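Notes follow the structure.
Chains here go by letter, A, B and C, matching the order in which they are written, and residues are numbered from 1 within each.
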Amino acid sequence: MDLIGRDLICTQDWSIEELIRVIELAEDMQKHRYSNKYTSLLRFKTFLMFFYNPSVRTRQSFEAAATELGGHAQFLEPKSMRLKTEKSTGETIEDAANVMSRYAVGLGIRILEDKISAYGDGDKLIREYAKYCTIPVINMADDKYHPCQGLADVMGLRKHLGKNLKGKKLLQIWGNGALARSWCSVQESLIINSRFGMDITLAYPDGYELDPEVIEMTKYNCAKNNAKFEIVHNVKEGYNGADVVYSRNWMSPDAYDSGKFNKAKEIEKAMQYTNWICDEEKMRLTNNALFIHPMPVDRGNEVTDDVASGKRSIIYDIAENRLHIQKSVMALTMANLIKS
Amino acid sequence: MDLIGRDLICTQDWSIEELIRVIELAEDMQKHRYSNKYTSLLRFKTFLMFFYNPSVRTRQSFEAAATELGGHAQFLEPKSMRLKTEKSTGETIEDAANVMSRYAVGLGIRILEDKISAYGDGDKLIREYAKYCTIPVINMADDKYHPCQGLADVMGLRKHLGKNLKGKKLLQIWGNGALARSWCSVQESLIINSRFGMDITLAYPDGYELDPEVIEMTKYNCAKNNAKFEIVHNVKEGYNGADVVYSRNWMSPDAYDSGKFNKAKEIEKAMQYTNWICDEEKMRLTNNALFIHPMPVDRGNEVTDDVASGKRSIIYDIAENRLHIQKSVMALTMANLIKS
Amino acid sequence: MDLIGRDLICTQDWSIEELIRVIELAEDMQKHRYSNKYTSLLRFKTFLMFFYNPSVRTRQSFEAAATELGGHAQFLEPKSMRLKTEKSTGETIEDAANVMSRYAVGLGIRILEDKISAYGDGDKLIREYAKYCTIPVINMADDKYHPCQGLADVMGLRKHLGKNLKGKKLLQIWGNGALARSWCSVQESLIINSRFGMDITLAYPDGYELDPEVIEMTKYNCAKNNAKFEIVHNVKEGYNGADVVYSRNWMSPDAYDSGKFNKAKEIEKAMQYTNWICDEEKMRLTNNALFIHPMPVDRGNEVTDDVASGKRSIIYDIAENRLHIQKSVMALTMANLIKS
């Protein structure tokens, strides 16, 4: 299995064997952190990080990942980079991608819904970079997908539930809150956990539908694994028998208003559903479920403090996994790349 | 003496032996800069720097310190990080601190008076991070203290006056100027130099009182060392017999106006005291005193060019010491930390 | 030949032998990229980068250069640094330069026309830093010169035309476009390529004169090499027999309007000359010329896609050369510098 040179934009583009390879290497990297087994893989090499959207955790974990592999990640904000668009003069992605491929061994890009004019444009931009780059392009979260988060989630579930996730039930549930969050982590969770054979219950109030294409992918993955998939609109129903509860706010499909992401409107709408909070009473309906979340957690809205800081919460473990997963992805896709 | 895992928020929290250990190691690190004696201590490890306030010198010296120890310092601006407050939704410090403790071996925080609503809040915030972090937290200057500056000052005085500072007189004097500066460097100087046994004369125009708690600490430290402490309001009096003159502007206690730091008002008030400048005439009253300052120097206001660039000025040596002191603190508190 | 400690502000300050030394080392560094022949030269050492103007490519290539030499480049934006000016209080360059010389082994500065009030002020500021720094100062592009770009251009021409550039004809031609670009890359090209013996044809519409001092230098260099120098104002004339075409927009000498760089006015003026584009028809008049450009390319204005992406375009090679040239300059000027 040779992953050298591969882009990671959506986990659905990779085979299940390839995803397992990433996770298993990440698990070993966690065991042997800072040992010389892995500290030379990116020695003296550069990983470029393009943050169209700012981020604390993604930046910290990617930059630390490069450091721990012996390399260096550059933190770049493309606001200082004028790209050519229909309306304005600037550099083409072809030119930018070709030059970056000469300087670095990999490129990470993060672009979310408030930096684009229509759903899907962020993912398209990353794929445009990947088309012209001769180095791997890693999706550090876009408007559709968040592959490193999804892989970190699975790594956490494998640790706490065992390697075989088939037959385990994931409740992916909308959470109340004022953050009008991206779909990427939630959609990633649906497609990757269904790849690994979990039964999926998706729960949200009417009006919070996700991308139909992602729902179709999830159904397809579940069907292939003989797993269940259902959508419910009742806040309690999905908790019954769940092994994992993932309560997270997301914006509605109406969030894009004539090409502009309307956060204020989204927040007003979301704040009506105050009972859509994950709390101990609902958790008692589950099969002693783990609580997971991609963080930052909106405590008191998406979930109570009791659950988020409770014994079955593995949110910090999963946040840590981001580091190991990203080291693994970088090592597998970039480690032998020597540009001249 | 084991300092692994210790926070450094205020030098008063550390024993005198511990402070001397830091300075002695810094002195040796200066002698053996770039030698392999010290270049592996943070190899492949990450130090996170949170700059609520921007900074050139503190950032340069901390980032270089991590590089010289073989590690990497991430330059982070928390403006992109939404923390939970009474008024707004966001991440709790508990969550942020727990995750950062998984990625890094240490966390530095800088937060000054213009980023908070009341004196003391910056220091409180750092202590809140320290409460939840399992990695050492280093104060990179807050509204109250600046431990790395204080240690750099002492290191400079030991070099130029000898290791025994007992009986030497420090004049800590308010300087004219339009910068309305933080209390942190000055207050740090009072408490650390009194720990090392210096006689302290604090001089300022009426209305420029410092934190009474810091004055009490300084008096306590002086009393323990049988050293003198006095406060004067005459611009010349304190120069008599001084071995060290530290002329530096600071804001008045009225700088916080209904929860807002009012810089314009402060500057207007400060500019009245044009005779509060350290010049050669006043320096002739001293015991051939050294001139020290944490920089940036406001030449022509706090001090004349003649004095700041004169033979007895050790401002560049002290600025350089920041690097060595910070390397020493990082090595002593973080070097064996391996997170898994 | 000892270049340790030397500043590189303008290539005209260096001898031709010194410039060739830089290029030859860069060529070898390209061959042995990431090999341990060169990865220890800046080990554990810091290079400071001051970006008065943002930049993607210059930042990426300098930061990668430091990483590949085993060191670390700090990305600094001096907006957070208050310098003393005639009108405002702040730190003197003397103080800033002295302290930075204690932390780092080199300092790069980028400052372009929109950050200054009169042409030449950017270059002057860099020379002011160089005066007080005890470490080498590298010009990362100022309002007058761009030495690393010029060296990268020559490295590219040597690769594609052979080491002897004497008698080869360079057409340096103004290009249409809405970017009102700095003179630095173009002026650098004139002075460095004339040093290497090329015949120079400079072509632009009336009103786009460059710095007369640079024209004089170029004439002087050409005369010393018995090479031709001419200025034409016809868009096609210069293409005849050219071996290299460098089509690039630049602002007019009127761009500074009462101490302010007036970009809008510049763009309006430039957009009149739509026929000043490098296209295949004009390229057919040449001696199968190479197309070069410092990037970012304004496709459709300065040059057509056909030419920019054509077989004779070496723009990506030259962009890559920036990395190798900068590694070479840093190695030659800083590698043995150990500050204590």
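One rule holds in what follows: contacts are C-beta pairs under 8 Å (C-beta built on N, C-alpha and C of every residue); 3 or more make two chains touch, one makes a residue touch a chain.
Since the structure is predicted, the reported quantities are computational estimates derived from the model, not experimental observations.
Looking at chain A with chain C, do both copies bring the same residues to the contact (over half shared) or different ones?
Different residues, largely: of all residue numbers at this interface, under half are found in both copies.
As a multiple of 5 degrees, what angle does the CA superposition of chain B onto its copy chain C give?
Answer in degrees: 120, to the nearest 5.
Can you check how far apart chain A and chain C are, centre to centre, with Cα atoms defining each centre and the answer in Å?
Their C-alpha centroids are separated by 40 Å.
When you check chain A against every other chain, which residues touch at least two of them?
72, 75
Which residues of chain A touch chain B in the complex?
30-31, 33-34, 39, 54-57, 59-61, 63-64, 67-68, 70, 72, 75, 177-179, 295-299, 301, 309, 315-316, 319-320, 323
Note which residues of chain A are touching chain C in the complex, please.
Spelled out, the residues of chain A in touch with chain C are 43-46, 48, 71-72, 74-76, 78-82, 84, 89-92, 94-96, 98-100, 102-104, 338-340.
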